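Structure, as structure tokens:
Chain naming follows the written order as A, B, C and D, and within any one chain the residues start at number 1.
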Amino acid sequence: METFLTILLDGLQFSSYLFIVSAGLTIIFGVMKILNVAHGSFYAWGAYTAAFFIGKFSDMGMPDAMGFLIIIAAAIVVGLILGFVIEQGILKYMYHRDEVLIVLATFGLFLVLEDIILIAFGTDPYFAYQPMALLDSVELGGIIRDVYGLTLIAVAALVALGCWYLLNKTKWGTLLKAVIYDREMGISMGINVPLVYTLTFIGGAILGGLGGAYIAPTISVAPGLGTEVIVLSFAVVVVGGMGSIAGAAIGSIIIGILRALAVHELPQVELFVVFAVMAVVLVFRPEGLFAPAKPRKI
Amino acid sequence: MKHNYLARAVGLAAISAMTLGAGSALAKDAITIAVPSFLTGGAAGPFGIPAMNGAKMVADAINAGKLPAPYDSKGFGGATATIEAIDEGGGATKQVAEYRNLVEKRGVDAVVGYISSGNCQALAPIAEELKQFTIFATCGTPRIFEEAPRKYVFRTMGHATADNVAAAMYVKEKYPDLKGYTGINQNYAWGQDSWRDFDLTLKQIMPNSMASDKTQFPKIFAGQYGSEISAMSLDKADLIHTSFWGGDLEAFIFQGNARGLFKKKIGVFTVGGTAAYRLGKKLPDGLVLGARGPYGILVRDRDSALNQWFVNTYKNLYGTYPSGPAYQYGQAILAAKIAYDKAGSDASDEALGDALRGITFESFSTTVEMSLGGGHQAVTENGYGITKYDDENGENVVTDVKFYPGSCIMPPEGVNSVDWIKGGMKGAKC
Amino acid sequence: MLEDKTSKFVLFGGVLIILAGAFAPNWIVNQFMFGFSRALAIVGLMVLWRTGLVSFGHAFYFGLGAYAVAILDIQLGVTDVFLRLLAGALVAGLAGFLLGFILRNYRDIFFAMLNTAISMVLFGIVVKTESLGSTDGFAISMSTIFGLAPETKYPLFVIITSVGVIAALLVNYYLKTTYGRLTTAIRDNEIRVEYLGFSVAHAIHLKYTISTILAGGAGALMAMSLGQVDPESMINWTVSGELVFVTILSGPGNVIAPFIGSLVFEVLRTYAFELAPQAWQLIMGATFLTIIFFLPGGIWSLLEKLGGRKNGK
Amino acid sequence: MLVVKSLDVDINGTPILRDIGLTIDNGEIIGLIGRNGAGKTTFLRSVMGLIPVNAGSVLHGRDEINKLPGYKRAHMGFGYMPEDRRLVPEMTAEQNILVPVWSTGIEDFQSRLQWIYKIIPECQKFRETPATSLSGGQQKLVALARALMVGKNLLLLDEPTEGIAPVLALRMGEILASLKAEGVSIIIAESNDAHVADVIDRTYVIERGSIVSD
């Protein structure tokens, strides 16, 4: 029972982290049909920016609670700047090109952004433990947990709720859905698709940055951060169904829990399990477990 | 500062290229030493950069003839050495390709460095193939000199067996009632060897303590250990062994500390030394801390002239006390000087090897005996201590430091580490 | 099969390079060995790319080929260069043939992703299995040729170049056969191809298998020329990305292109790494973006423009 | 109201339309008749601004709109109905019809909706039905209604009677006739003008990307 609860919590915590990052990836894919490899860099940039400023402000004697503000600010600033610059500077000129070629372009961007981090922040790892230290720890199911890690679950739930509300309860969501389903029809119905693209990309980038910024206090923020996370989010997005927020949620939960289970019970398969699930889903349900409905053909 | 450093490295590379182009006279007045270390990736800050700093500081002092006696002669056999900084990141295969370039394209005179055991293991046969005088500075897997005899490859510090046998002995002395132990180690040669040696030694010397059946081997540079920490928290074992180093080490300490892991369990950190200066108050008290030998925080107060020169010069140059990697790289550069002094600056790779093989020399913090692996593998003492934050001075110190002589913690010549431990560590002189 | 310009050029160029290699310094010979080993995989990816398929997971086959050499070496002590090459190509080709039954039904992003997933499964297994060398991988002993251990790298260089020449000639020939020609046609309109009485699935399956044999052979040759295999540089997704990178860099125009592209890549990386050890990825990435934007036909199209003529398509 | 002059369009380097010219006056209904693959859809899409054109001009009144982004043409009152309907599956029929309202900010959309329902009463009947549950023909009516919502000036209809039950095809003819009575300008692309011949004022025949007669 203790183990069960622990695995569940570990799994959910990992799922939450995966979800925040993958939500951004899947939104960008859904609307723009771009599988953005550079998303891993948004994550890394979010983490670096947050860690850098949390450290700086802490040195200046600001209260540690500022850290939470910085996390949010870092995500927004990173998303706005990187999202805008990349979409307007590069991707905009590629929309008429082959889908796969755009993936490759984002791979090139990924390589570039990784090294710019190195040049901008140096090689020394950053620590931003203040927000985590502030929240202390609790005992749950026989083991001590840091409260900060648990808030990750709440943040993920908020992101999910926010996305759901935006998509289903607002005029914006209606338009977004139209573009997601068919870009050309979106244009024909008068939707300013270029603007939708720019905003979507920025929004997705903010989520990627938020994933990094929020996780930053719990890790040592060091170069190479984005390489791992991007394939993991690919797995999540593929398992759930590319372009679906609900899919990203389900995908995160499946992969997060499976991984936690593996770490506890069979540590050797921890890495393998994630990608095996991805491959199996692709083989049997290439559209993902949460494939969106299709209209009748006749 | 690091940017300066990069610019300087590029500049030096250019200069060295020109010197090479100019053609070298018979008795060289300039040599090029390639120094690979982690300049990128999570291991750079805590490990790679201090290591490179140590190498550069010692090389500069040697070039200027400013090392304390007996090393106060100018240069490497009289020649001025240019240090070429090489990034060790990117995996063993990339390093192999890069090493071939270093030797065959850039024509460096010596290669001194390498932190990762994976890289050393991959490069040892290549160095032999290319007949290139190479000193491994820090990497720890014992396999390098146990798998095959080497002619051109040396290692100037003890290997993983020494770290972990010493750790086990220290644990036995400090915690004689230990019931069980588990471990978290990276899933490559270094982590696997470290755990194996520690586990086997404890089985020998503390047969009543039980090893956990769920030891963790996360991928190197994984960075997030939430589930692993939970799993170890639930484990009955009361001690956690880890050979984590660099960024992984620091991440693990943070995450474990936030979750009270080190309040419930004894932490044994065989490469923990680097964290002591970097983490300050964030390093929990009561950890069993090693530095892979008599280096860094464990030997800060040793008052030999060489050691005081090392500590003070480093502090002045880089604003912090030197950690293990700085010592280890400095020591390897020193060994290169000794070899060049003996063999001459224009010596062949063979002659340099002959000069270093089997010798004993006084290094900054300890005596190094090149007595294993046919005179290619160093033996030194190794020590452990317990961390404690010193509120008065605002820094970490280690208490209860205990050193074990090299002959006590490393197998005698010709015996493989694992067999030696399994056989009850025969011939150990403690 | 030797009457066209390309074949003649391949043969002539191959002989010239082999001869020149005897006088070249070691590091240049190395660059050619690495470049030509990789080029083999690129030739396969080029065949796929012409059909509109981009695999973001061919490091799987590349890695299989490399690890086949390593396992043979460690378990059975096989050091013969031809046995090693054959083993690498066969293991990868067999895996590719079997997986081809599934993959031939996938297109676009799904094809790319399923390949990634498969390759990452292997990555996950190798990294976590100590008997497979985990993150370290294995050192590979020197290859022998008919029982003889060569003193220098030159014989291996000759073999790699010859393998490259043979592969280029075969693929060039294949691309002229009926099934080989079904490339752009499939990309543009599969249904039309089916109407003409060809099976798109079969055509793709064949191309896929060819590409995996070549990738496996490439991995085996790379392992032999480097003397080392490890998952990070042989199987991880970034390696697949690199392979695709070189494919785009080379351009789909001609079977010679992958060889030129791979060499350029190798040299570019060597110098980027030497000049800017902390920014070499940036240089590579920027080059890649530039190619995608301004040179969609890759280096080959540039050569064509410079040469002012179309070399047999 | 719309003049197209010597339009050239390539797709992936293959020329699809060559030197196409066409005019349509206010309230006129013209037919663009040609076989599958003749370039009808490409023509409609380029008028709608969905694909870039290589050469030629599209004049709306006196304005050159060739470089105008597609969505702005919708704001100008162009409505497009694609051959394959393309309703947003997770919305009801009425939600689909209302999408252009949200994007272009039509103010009196209620009266416009009532006007549409008057002409196509079927749509009112299944306004709450999810798009996925509609038959192909029903979807076509909804797609027409959606195009009408925004298409105050010009309707571009791609194969409105193609691929649906004959009864519905007849019905579509009737609807087009009533639109004619309302004075809407329409370009109808059809491979077979059987159901729409009566409402068409003029016919252009398109073959292999060129107008061969008008």
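The definition used in the following text is that a residue touches a chain if its C-beta (ideal position, glycine included) is under 8 Å from a C-beta of that chain, and two chains touch if they have at least 3 such contacts.
Source: prediction; values computed, not measured.
The minimal number of chain-to-chain contact steps leading from chain B to chain C is 1.
Centroid analysis (C-alpha atoms only) places D farthest from chain B.
Here the chain at the heart of the shown protein, by mean C-alpha position, is A. In terms of their C-alpha centroids, the spacing between chain C and chain D amounts to 49 Å. Put simply, the C-alpha centre of chain A and that of chain C have 33 angstrom between them. Each chain gets one centre point, the mean of its Cα atoms, and the points for chain A and chain B are 37 Å apart. Mean C-alpha positions place chain A and chain D at a centre distance of 40 Å. Contact of a single residue of chain D with at least two other chains is seen at no position.
Touching two or more other chains at once are residues 118-119, 123, 268, 270-271 of chain A.
Counting partners per residue, chain B has 39-40, 217, 219 as the residues that reach two or more other chains.
The complete set of chain-chain contacts reads A-B, A-C, A-D, B-C.
Looking at the complex, you find that chain C touches chain A at residues 52, 54, 56, 102, 106, 108-110, 112-114, 116-118, 120-121, 123-125, 127-129, 237-238, 241, 244-245, 248, 278-282, 284-286, 288-289, 292-293.
Interface of chain D with chain A (complex): residues 45, 48-50, 52, 69-71, 74-75, 78-80, 82, 85-91, 95, 98-100, 102-104, 131-136, 139, 146-147, 150, 163. Considering their complex, residues 96, 171, 174-175, 177-178, 181-182, 184-194, 292-298 of chain A touch chain D. Only residues 35, 37, 90, 93-94, 98-101, 103-105, 107-116, 118-119, 123, 227, 231, 234-235, 238, 242, 268-276, 278-279, 282-283, 286 of chain A touch chain C when the two sit together in their complex. Contacts from chain B toward chain C in the complex involve residues 6, 9-10, 13, 39-40, 85-87, 90-94, 96-98, 100-101, 104-106, 117-118, 121-122, 124-126, 129, 186-189, 192, 217, 219-220.
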